[in-house]
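There are two complexes below, and they share chain A, which is joined by chain B in the first and by chain C in the second.
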Partner chain A sequence: MAGPAHPRAMEPPKPGRTRTAPPQTPGSWPSHPRMRVYTLFGLTGILYLLVGFTSLRLVWALGEGPQRFHEVLASFGHPIYVAFHALTLAAVVFVGVRFLSLFPKAQPANIGPLKPPPRPIIHAMLYVVWITLTVVFAAILAGAIF
Partner chain B sequence: MAEEKKTFVLTRFDPDKDEEPRLQSYEIPVQSDWKILDAINYIKDEVDGSVSHRWSCRMEVCGSCGMMVDGEPKLTCKTAVSDYGDTVKVEPLANFPIVRDLIVEFDGFMDKFKSVKPWVVRAKELAAEEGPMRQSPAELQAFKQFSMCINCMLCYASCPVVANEPHFLGPAAIALGHRYNMDSRDEGNAERNEIFRGEGTVFSCSYANECSEVCPKNVDPAAAVNQAKFNAVIDWAGSLVLPRGGK
Partner chain C sequence: MRHLLLKLEPVIWLLFGQGIMIGTMLLTGWLLVVGIAVPLGIVDADALNYQRAHSLGSNIIGRLVLAALIALPMWKGAHHCRHLSIDHGGGDRDHIVAPILYAIATIGSIAAILAVVRL
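Up next is the complex of A and B:
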């Protein structure tokens, strides 16, 4: 086994007649490719937390006036920030692809009389929506539209 | 049949003697068509009668013989010995308290299982003279996959949320609750969705998808859990806007 699970995992509602050994986690977890992907998925949360702090820094600077805001904005050109944002972009794409690969089967069989299309079509539709939204937002941020 | 020797490393735990589980190796002759369960039965019958394990049907139906084989939850009656190397590690199901050797405590699961009301709930029972409740093939198809669960617990042994969150209902119990929610004869959706919206239920699932990967009957519990999330939210939203809470 890989290590101890929560000591109360799958605990019976009342103690049994004999002593039990505590639950353990599966031995395959540290090395299994599926679990590595899942762990990586969880770890991306750290990047999103840091992005949150970065956004707060920007909002804080905005409160201190336009000059300070532009100074902070200019600091994002530092190679460390560029690398951080590139890593965050990779994390977002990774989470997006993982989410879209699992999402179709989570669709309910039907809502009222309506049935969802087959999973491959949902899958394709999700990518079309994702790519379209990305292009639209990129165009807005670049000042090409609005 | 060709015969070769393999070493099986089994978890041993005697609650009267052992402080904690230990491992014991057995080198035994195996046949090429054996399943892991055949090897454990051989050890029990021919080598060490004190080895304790659960099994019953030997045909992937009863769900009794789930164990960790080289770290992965498997039905040992379905898993071929030939798929493994010279040494095979067999342990009790992960994430469950260990009662003895390869046997784990299932009462915690049974408690969670009952909590989702895994039966057809009717506001008013039909009288016998009204005949059976009929169901179309399409209505059956909506839940049939989720009714294939044999309660083998492999999904619990694979789930990282079960390992870390003791109150989590877990994949099989939620899949079964969802199965009855999808059943056209059932009228217990509101009750179960209220359970599903509670703490430690469907929204605790972080969609690791491991339950579906290890399920020996292709029930796809991860799909059931995530469909149940969707339905629980729709049910909640409906209760806000519909007259009398949609009841």
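Up next is the complex of A and C:
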């Protein structure tokens, strides 16, 4: 399925000085395992977009009073909502793991006069932040603290 | 429209990046408790009774966290859906798809701000 990728999708308004070959879709697109994972990563966007609206629904109801808030919270017990939230949680973990593995590789060699820490240290620090934030936030929401 | 989107690309990228980073970090705990544990009875629903939920959400930190939790994932979602469309042969309709997706994220973000302001 090799073919020219859409050359104008991200084209700048004025052509640059450097001549470049037109973008080309890889021949293995979209069946190659790497491409499938890449597509899966993109598909998580649908879940992120939707979960933003389900969260908005609950927070909006919080501003409308106790009865409406408890109605919306109770609706989250519907199997479709639970399945959606479980699927979204899996997607969030997938995105997190993939993004945290990419983040250290995207660091510049130097930040001003300083060098960033080695990649494994950055990677570990990001996981510490993610896990700590998740535990603290979950504990607050579950009533274990505050 | 394409020219405007290219001009806005740094802002969109900022929101997209924060959607992945902050959105993912906040959504994990939120989905675990609000989306799964409370509905399944693993966590006592009284933990999210109205008075407690309102007092947590209505202070300045609570409002910021809730606004970020709602709005940033929408931008991550909109930008990823746009690129998924481009990658799967939708480059020709990007001038329609992109504005629609970003409009959804913008409306959702404004609604998120309104939702936390009225708490």
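As a working rule, the second predicted complex is superposed on the first by the 120 of 146 C-alpha atoms of A that agree within 3 Å, B and C clash if a C-alpha of one lies under 4 Å from a C-alpha of the other, contacts with A are read in each partner's own complex, and residues count from 1 in each chain.
The working rule: contacts are C-beta pairs under 8 Å (C-beta built on N, C-alpha and C of every residue); 3 or more make two chains touch, one makes a residue touch a chain.
Values in this document were obtained by computation on a predicted structure and should not be read as measured data.
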{"item": "First, second, both or neither for A:Gly77, with chain B first and chain C second", "value": "second"}
{"item": "Chain B versus chain C as contact partner of A:Val59, first or second or both or neither", "value": "second"}
{"item": "First, second, both or neither for A:Pro120, with chain B first and chain C second", "value": "neither"}
{"item": "Touching partner for A:Ser28 - first (chain B), second (chain C), both, neither", "value": "first"}
{"item": "Which superposed partner A:Leu47 touches (first chain B, second chain C, both, neither)", "value": "second"}
{"item": "Chain B versus chain C as contact partner of A:Pro12, first or second or both or neither", "value": "both"}
{"item": "Chain B versus chain C as contact partner of A:His85, first or second or both or neither", "value": "second"}
{"item": "Per-residue touch tally on chain A - higher for chain B or for chain C", "value": "C"}
{"item": "Interface residues of chain A shared between complexes with chain B and chain C", "value": "5-6, 8-13, 38, 42"}
{"item": "Residues of chain A defined as touching chain C within the complex", "value": "5-6, 8-13, 30, 38-39, 41-56, 58-60, 62-63, 65-66, 69-70, 73, 76-77, 81-82, 84-86, 88-89, 92-93, 95-96, 99, 129-130, 133-138, 140-143, 146"}
{"item": "Touching residues on chain A, where the partner in the complex is chain B", "value": "1-2, 5-6, 8-14, 16, 18-29, 32, 34-35, 38, 42, 102, 105-111"}
{"item": "Residue ranges of chain B touching chain A (in the complex, touch as defined)", "value": "13, 15-16, 18, 20-21, 68, 70-73, 89, 91, 94-100, 104-105, 107-109, 111, 142, 156-158, 160, 162-166, 170, 182, 206-210, 213, 220, 222-223, 226-227, 229-231, 234"}
{"item": "Chain C - residues contacting chain A, complex", "value": "2-3, 6, 19-21, 23-40, 43-48, 50-54, 56-57, 66, 69-71, 73-74, 76-81, 83-84, 86-92, 94, 101, 104-105, 108, 111-112, 115-116, 118-119"}
